[in-house]
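In the two complexes that follow, subunit A is the common piece, with subunit B as its partner first and subunit C second.
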Partner chain A sequence: MVRRRRTSGILAWLLEALFFKKRSVKIGIYGPPNAGKTTLTNRIIHTFADEEEDVGTASEIPHETRRAVRRGGILIDLKQNLKQFQRTNFNSNPQPLSDPTRNGDPTRNGDPSTNPSTKSGRKGRAKLKLDVVDTPGLATKIDFHDFLAYGLREEEAKQRAKEATEGVIEAIKWLDDIDGVILLMDATQDPYTQTNVVIIGNMEARGIPVVIAANKIDLSSAAPQKIKKAFPQHFVIPISALTGENMPEFYAAMVRRFR
Partner chain B sequence: MNIKMDLISEDKVNSMGSMEKIRFVLDGVKSGNIVVLEGGLTSEEQMKLIELAMLEVDEDFTGIEMSGYPSKKGFFNLRKKTRLTVVGPAKTMHTIKKGKDWISAVISEI
Partner chain C sequence: MHKCLRCGKDFEKMNEGMFGGCPECGSKLFLYVREGEEEHATELVRRLEKKTETAGKLPLEGAALEGVEPLEEAGGGGELSSEGDKIESLKIVSPGVYELNLDTLLGRRGIIMRLKEDGSYAIHLPSLFEKKEKARRNRHTP
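Our next item is the complex of A and B:
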């Protein structure tokens, strides 16, 4: 019985490998408002799909993204895109790809398993076909008064608050329909928030793989090591979605985790 | 103005189903109470609570502030054991800082 089952499993795998294309994995980009989710989504699309295409606009006003946006048909091919990495990354602060001692931060480029330029990084040559879903920021409270501080009129602020609450619900609903999560955290903020803990707890309970991106390492107050310390059981890759710093390592981690 | 706190024992928490717990917490918080659950809510229950709270946000009720100790691995690492969850109205309760085994929060009048 077991033998027959194993044979049919191998047969199914062979048939799929020979005749069917591997389906795309749906990756949700989650995180609190203003963590840089849209900036990261745009960067992934610019690097692997279309340099001119944006899924949304980034803004300093929280809850700029209030509807989840999916962009399909993205192929991450690390080998093919190596030249592109070098062109699109480090455009503001060129640094060598693998210098574990940089800034004395052990989480920055220090993990050889996530670095495509190292021996184990050869696995990064694999491809990953994916759809990315840029989700609205997850929050437990939304007060329209907070938007007034950004110069919005009261009616606009109330409308934004209403749409933001709908956006949070939509982001939560999307969790039922995704294969992996990139949890984006602002490395300048305290990572140990209940929202981050709840997202990670839910992913663990559902058995969905998570990669944590510690964003905004281009800022001097960034402390990605705090995120690594808070969530030691997960991949934590320090990045700057804005400048492109450390993105090759991040893409390699994505391929390894979500393949 | 006095602020009411509801301290709910683990036995009481365990006697309720998931949805019952969430409704109980949300009703308490919407009434302006701080609800402390011994034994706590699971991650899934907390996510559901956020979702339901968002449905009820308006000009008066701006949402919830929630804090809790992370769950511990339970019997043979098969089940996670939740520990404690504190939930309050966002206008009243503000978590200052939290760690794995401690929560520092300020509770103030609206």
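Our next item is the complex of A and C:
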């Protein structure tokens, strides 16, 4: 049985090598509740796969997503999608669009010489085939009382708390099968939380590449520079998943980091 | 510079010996500190410690996720133990109130639920076996 598995592994590798078929990378979208994970996942799908398709419903009630949802077959082609960015990403706030495939990444914290595209000069390869996994929000405490304020009945709130707890465990299990992580943080909140620090520490220990998205920059209280300062060793891209602000830069960072 | 979040020891560079945790205290949480920002890092560590402390005293009544029953009706309360002493990945404070130890869960150590303050635990065996099964499969995969 072991031999058969080994043979099939070699065969798959040979087929892949012969036909240059590049596998999809699995990208998990992680973060605390209400950071905007489902909004971001929907936006990625609308931009690169299907404008009508949603993986989940975004809601102001925390822990709306309680099961991980995977959407496969997404191809990010930065050059092909330039026009699409303009059409879908700046509906509410039109801005001139720069070419996200050009060298140099002003959003990267730290030494710019570590930018892989600058180093290799492979600016033409601006494609990334990926599956995205929208995950339930990670939290250290889930209390049904928090849901009562949103009009849920006690039984509903308790059920939601139970499902949210199971969701956290499911989200963490997915990490074993993930090639890269988009860590979404709410730029209007303090980034120095136990959840953020623990996730980043664990990603570093596992060697999983991370892109941090500082979301909700459309809000006046957003302070993405605080997130940049808190995690200087990582890519931190300020975005608004809701309005589409700065999304081309975010997609460019994804391609560079996860390719 | 990398600073251990538990014992505060500074390390100039990450080395292989640190992959399993801090050589001094075993903690796996490090904070990256840029030159000249040591003061900022000390402040961050202090704030995180304060947040952990203010988690406070919590009552425990005993409840469970589906499929796991509490050992018996619980009562009383108690001070939360420090992160390092915790073996549980999940604590059921009362019906509908849960505390998760992300560090333990992310560390792939299997799911251990704390049901009572007097030392009653429920161990989710499938999560532990799953881990062994994965390790076994990895050994046999070329």
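Going forward, the second predicted complex is superposed on the first by the 211 of 259 C-alpha atoms of A that agree within 3 Å, B and C clash if a C-alpha of one lies under 4 Å from a C-alpha of the other, contacts with A are read in each partner's own complex, and residues count from 1 in each chain.
Throughout what follows, a residue touches a chain if its C-beta (ideal position, glycine included) is under 8 Å from a C-beta of that chain, and two chains touch if they have at least 3 such contacts.
It should be emphasised that the depicted structure is a prediction, and the values quoted were computed from it without experimental measurement.
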Fit or clash for subunit B plus subunit C once both are placed on subunit A? clash
Just to be sure I read the superposition right, which of the two partners does A:Asp176 touch: subunit B = first, subunit C = second, or both, or neither? second
Is A:Leu138 in contact with subunit B, with subunit C, with both, or with neither (first, second, both, neither)? both
What's your read, subunit B or subunit C touching more residues of subunit A? C
Quick one: is A:Pro232 in contact with subunit B, with subunit C, with both, or with neither? Answer first, second, both or neither. second
On the A-aligned overlay, A:Tyr192 touches which partner chain: subunit B = first, subunit C = second, or both, or neither? both
Look at A:Ala157 in the shared chain and tell me whether it touches subunit B only, subunit C only, both, or neither; answer first, second, both or neither. second
Using the touch definition from the top, say if A:Gly201 reaches subunit B (first), subunit C (second), both or neither. both
Would you tell me the residues on subunit A in contact with subunit B in one complex that are also in contact with subunit C in the other? 138-144, 158, 161, 165-166, 168-169, 172, 175, 192, 194-195, 197-199, 201-202, 204-205
In the complex with subunit A, residue positions of subunit C that touch it: 5, 19, 28-32, 34, 40, 44, 47-48, 51-52, 55, 65-66, 90, 95-103, 105-108, 111, 134, 140-142
Help me check something: in the complex, which residues belonging to subunit B touch subunit A? 42-44, 46-47, 50-51, 53-55, 57, 59, 62-68, 70-71, 80, 90-91, 95, 97-99
Considering the complex alone, what residue numbers of subunit A touch subunit C? 2, 5-6, 9-10, 138-145, 154, 157-158, 161-162, 165-166, 168-169, 172, 175-176, 192-195, 197-199, 201-202, 204-205, 229-233
Enumerate the contact residues on subunit A facing subunit B in the complex. 138-144, 158, 161, 165-166, 168-169, 172, 175, 190, 192, 194-195, 197-202, 204-205
